[in-house]
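Each chain gets a letter, A, B, C and D, in the order it is written, and its residues are counted from 1.
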Amino acid sequence: MKNKLDFIDIMHGSDGHHRKEDPNSFEYSYQAEITNVYSLTKTEKLYQIQIADPKLRTKFTFKPGQFVMLELPGIGEAPFSISSSPVRHGDIELCIRGAGNFTNFLSRVQRGTKVGLSGPFGTHFPVEKMHGQDLLLIAGGLGIAPLRSPLLSVLENRSRYGRVDIMYGAKNPDELLFTYQHEEWRRFDINLDITVDQADKQWQGRTGLITEILKERIQESTDLANNTFAIVCGPPIMFRFVCDMLTQAGLPMQKMFVSLERRMHCGRGKCCRCNIGSTYTCIDGPVFDYWSVMNLKEAI
Amino acid sequence: MKLSCDVNVKHLTRVEGHGNIQIKIQDGRVKQANWEVVETPRFFEAMLVGKHWENAPYICGRICGICSIGHTLASIRAVENAFNIIPSTQTAKLRLLLKHMETLQSHILHLYFLAAPDFLGTGSVLPLAKSNPEEVQRALRLKLLANDACDIIGGRRLHPTRTVVGGFTMLPEKKQLDQIRRRLNACVPDLLAAAELFKTFTIPDFSRETEFVSLKADENYPFIGGSLISTDGVIKKEADYRQMTNEYCKKGFTSKLSKLSRKSFAVGALARLNNNFAFLHPTAQNISTELGLTPVNHNPYMCNVAQLVECVHIVFDSLSLIEDLLNSPWQEERQPVKAIKGKGVGAVEVPRGILYHYYEFDGKGKIVAADCVIPTSQNHANIHHDIQALAKQYAESGTKDQNIELLAEMLVRAYDPCISCSVH
Amino acid sequence: MIFKVFPKKKLSLLYELLAVNTMVGPTLKGKDRNGKSLYDFDVLYTFDDLALDYTATIHSAKRFVLPYHEKLSSFDINKTDWKKHVDINVYKPLVFFGMHPCDINALNKLDMVLAGNVYPNPYYIGKRKNIFIVGLDCSPEPQCFCHSMGTDSALHGFDMFLTDLGDKYFVEVLSATAFDFLSQIKSKEPSKKDHQHYKQVNALKNKNFATNVETNDLTKILDLEFDAKAWDQWGDKCLSCGTCSNVCPTCYCYGVEENIDLDLKNANKIRSLHSCNLLDFAKVSGGHNFRPEKSTRLKYRYYHKHRGFVEAFEESLCVGCGRCGQACLADITPPEVIASVRGKE
Amino acid sequence: MDQQLSYLGVPLTRPKVAFFDFTSCEGCQLQILNNEATLLDFLNLVEIVNFREGMSEKSDNYDIAFIEGSISRPDEIKRLEAIRHNAKIVVALGSCACFGGVNQLKNRFNDLNWVKKEVYGDFPIETIEVHPLEKYVQVDLKIYGCPIKKEEVEKIVTNLVVGKSITSPEYPVCMECKANENICLFELGEPCLGPVTRAGCDAWCTNNRRGCWGCRGPADVANVRQLEEIMHKYGFSNETMLDRLECFGGFASLTKEIKKTKKPAAKRKK
């Protein structure tokens, strides 16, 4: 029958609109495995996730600040910032807080469980653009998860940057993440300041808000306006305070970077759930410079 | 050896609603033998007062979860009778088909899930599911078919959505009806196999002279409307149902009770069959005879068998109803309703017996008074007297007290009582 | 573009030729309480099912390319290992007979997002590529404002497009397949007079638009009026029911739900269209809701359609079909909302 | 059947489940038995230890208590409290348990004696104002509907076993109704509570061209004030709207407000 229309099989036919072999194609994912799980605090765990196929693993590259979608069948799929250094390619670390269905179930699975991984998605912290400049890396709470990737990247390329200050605050000592690495980060050429809002008996370090440390740092600074970049990760009220302080101190808004969070179902600019005003967090973000954030309606 | 025992069953299981059995026998003398109904009353008849007519079928369907379709249809019929609405033949056929499917699913539920475990000596259908999965699959298949048919015709198997005064909000697609027809045809062997299973069960040997009340057959085995009849020779019009039910209250029962020519009477599958045996489909009649059930049978345990026989009848009757429906084009589904001042009664045979709804309306279509008489409430007194007779029979002949407890439970279950419905 | 004409009575022949495929088109669904005909798109079994004189349909054509619920994938689970099966749920081509320009344009807009070069959506593309569209001209209904949105005529996105010239149809032919079908019914080249007639018909249509929306500088005005009182007033009325998005031919936001079978051996993932007017649209785990008020959600719908999309694709995500306003029980219509935000009640 | 349950390698426990009923039609329990196709899988997932409507064995050792029905007599309060004491999770099953259901319609007379007399005459009968479970004990989870949807129950049970959270849709029935491409009943001249009622039933009634009566109670945003306007616009009386709003008790707090301005339910003198 001539009048029967030709069926166009986009998945298998020559009209290969859809590149099946690309794991980032819509609804596809890399097969990956949880190779290790470390408990960091009561609610956060660090997951080492490795892409199963060694070839794809080396091909998987990302920039600090980008995120992946992680999937468990029947449980869910959710976005997470990559927490490890970009040199490790498809063998990544995610620092995840048990907050809902997916994240809570994830905290119960064993090593060796298969997961679906897609990404990397989204914009990144422009660490190359920051070469030669002083850096302020500021994290509050779980904000250290997205910050750890640029942080490690900076440490690995320490000589390319000027002065580096890391400021990290948590509510109390129990909630501090990556404590086992703090000593590593506290190098002669790095200023690491850790503060908690509320100390406990064992706590020897600083107590108080992160903005107090920042105030001291700003006072030491000579030329914030021209020689400094900042990456600020944390809850909106925290980065807003920090960024406003820095702005007042003269740091241009477009030299500060933040990572925003919105509800997401696809990570690929399709589900429309992550829009801020009318900007997609998954494609146009999650990393934005502060100037753009200030110009986005309902961003904070 | 003369029997002494103390049976105290609180909240009888595998029945719908809450009832207790108490039997006390000392040295072969029955001290006490009671059926008690402790269900919480819901006051549907009061709730309706002041409500607009369209609430009646919607709210009254919620009297019972098992026979919500029957209640809805009885309620609709009462409203239609009050407003002088005569349903079209198409509507009448669809309603009967819907009614049939509800009866089928309710009977199967009762036979397999509630009654059969007793005959098999288990506490529930679960062990049967392990030992005889095909039997259970067969029951599930029949139930699923009936339930799916209810969904297709009534919109929902429980608390139907499409049934309204005047007709239906929406009609099924013909191809859906055709599917039901095919599945009904395919289920005939399942039913015959069920009959075989029931042949292996020992029906307790007990009987008591009883008056049986049901709708009276004109041309067909009756389910919706018509006159009322009893084996003691009483015949009444639908509108005079009160002369048939004579409700009264009694201590120990939150439900009302009924009586007619004697101190109690029975309604249900056995009553229908006893009154209208000649109108059953021939295959159903044969099976009935094979299973030792011919009218008038006074063994209440035979109610189980009567239900099975009705299932067979229903399947064949449904097939011919579907045939008719498929052979004529769909007409308008719903007639307009105009409320007038008046009263109406709707009598419908639901799985457990004859059900009456009665409403009185003011000129604006508001309900002034309502009355619902439920089959199980008509049966309660009879159950009570059956238990007394049973206790007496076994007290004298002597049996173990577990036996008598089981026999009493089985007796109550044979009526397939819907207790929550009887206390509405 | 190639133009053809054929006599009206040949339409059923064209339909029959196409009907070896699954046919979809406008059909009569019943009458409303005032006796007005209600139409919707549905599968057609005979030519008589087709209601070509249809006014607007209640729902748009989007479900044929973007179903309300769609299974994205299923999983076989075996302890810590599992297998994922992806099925884009399209197996055969479909003929859509009688689509108005607004709906064709709506598909073109959906193409921009769903078939665009960032992560194209194969579920959509598979269906979209397998629809043969016969477009059909229309006459404006009171609620239509497609003229304002520039979507009253379709330039691409269909196979052939029919314009009613009284006793014949004037056809725009866009695909070779359409050309082949037309040659089977022996269509002719249009004459000068046909051209003339065609232009008249279109001119007449243009005159008949009763509703207009001023789109000049709308993106900027929306930003300027971000805090306008009007949003609260409309928000007060909104039922947060999502009806507007469901009937909208271009709303495509969705949510995903994962389900596990009772036997714990299989699972699946269902995508369901959502609406930005629903309460949980921007809720994240932990309970924070980025848009808890009715007014901010409603505002966002307009922002996405009339500002964000324009910014990204230089045209609005609204085709002016008027369906959302018709379907909204709270009588919230885009022309009124936009006028009030502009400050002209 | 008895082997250890697990999902994705995570060991799960089969919860011990009990079903109880209070003042109700027992239809919601029946819906569980109505799971013909999946009943056996369901039974593999949980261990049913108490189900009076379906089995004789009973035990007071259970994790999850599914409770149907509302509370309408003092002895029910005691029984309910005992169940709460035994159970780790109390699930209110259906509109009666969640809101009082149709049973609460008798409350609208504010006169229990009249109500008793209307049905039982002078025969003594015990009853109190009808209330949902929540009035007396803490309820951990609500499954809405009159009747409940079996698919919903299955999903909830699976989620409970796996440890996923259980949420009902926050949006109203219209969302599901429109996704099913129904013609709006208001257009057809029928009143409907779809715009304010919590979804999750997949528009069960409106799919069948029957207006929604609000059995699942109010959606998280229930714009009842706007509903009033809609009802008036389409020519329906306040009474028609109230009949529906008050039918299952879910809108009790809202109807009270609307009623304040209107006269109370008519009673008949006996």
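Basically, a contact is a pair of C-beta atoms (placed from the backbone, for glycine too) under 8 Å apart; a residue touches a chain by one contact, two chains touch by 3 or more.
It should be emphasised that the depicted structure is a prediction, and the values quoted were computed from it without experimental measurement.
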{"item": "Pair joined by more contacting C-beta pairs (A-D or A-C)", "value": "A-C"}
{"item": "Chain centroid nearest the full-protein CA centroid", "value": "D"}
{"item": "Euclidean distance of C-alpha centroids - chain A vs chain D, Å", "value": "44"}
{"item": "Chain C-chain D separation of Cα centroids, rounded to whole Å", "value": "37"}
{"item": "Inter-centroid spacing, chain D versus chain B (mean Cα positions, whole Å)", "value": "25"}
{"item": "Chain A: positions in contact with at least two other chains", "value": "73-75, 100, 109-110, 112-113"}
{"item": "Contacts with 2+ other chains: residues of chain D", "value": "7-9, 162, 164"}
{"item": "For chain B, residues contacting two or more additional chains", "value": "none"}
{"item": "Chains touching one another, given as label pairs in label order", "value": "A-C, A-D, B-D, C-D"}
{"item": "Chain D partner contacts - residues on chain A that touch it in the complex", "value": "72-75, 100-101, 104-105, 108-110, 112-113"}
{"item": "Residue ranges of chain D in contact with chain C within the complex", "value": "5-9, 12, 38, 41-42, 44-45, 154-155, 157-159, 161-162, 164, 170-172, 174-175, 178-181, 183-184, 186-189, 194-196, 219-221, 223, 226-227, 229-230, 234"}
{"item": "In the complex with chain C, residue positions of chain A that touch it", "value": "1, 3-11, 15, 17-18, 24-29, 73-77, 99-100, 103, 109-110, 112-114, 116, 261-263, 265-266, 268-273, 275, 277-279, 283, 297-298"}
{"item": "Interface residues, chain C side, partner chain D - complex", "value": "29-30, 32-33, 38, 40, 58-59, 63, 68-69, 77, 79-80, 82, 236-243, 246-247, 259-264, 272-273, 275, 278-280, 294, 327, 329-330"}
{"item": "List of chain C residues in touch with chain A within their complex", "value": "17-18, 20-21, 72-73, 75, 77, 80-82, 84, 86, 88, 91-93, 95, 113-115, 118-123, 125-126, 129-130, 132, 177, 181, 184, 223, 226, 252-256, 258-260, 267-269, 274, 276, 281-286, 290-291, 296, 300, 303-304, 307-309, 311-312"}
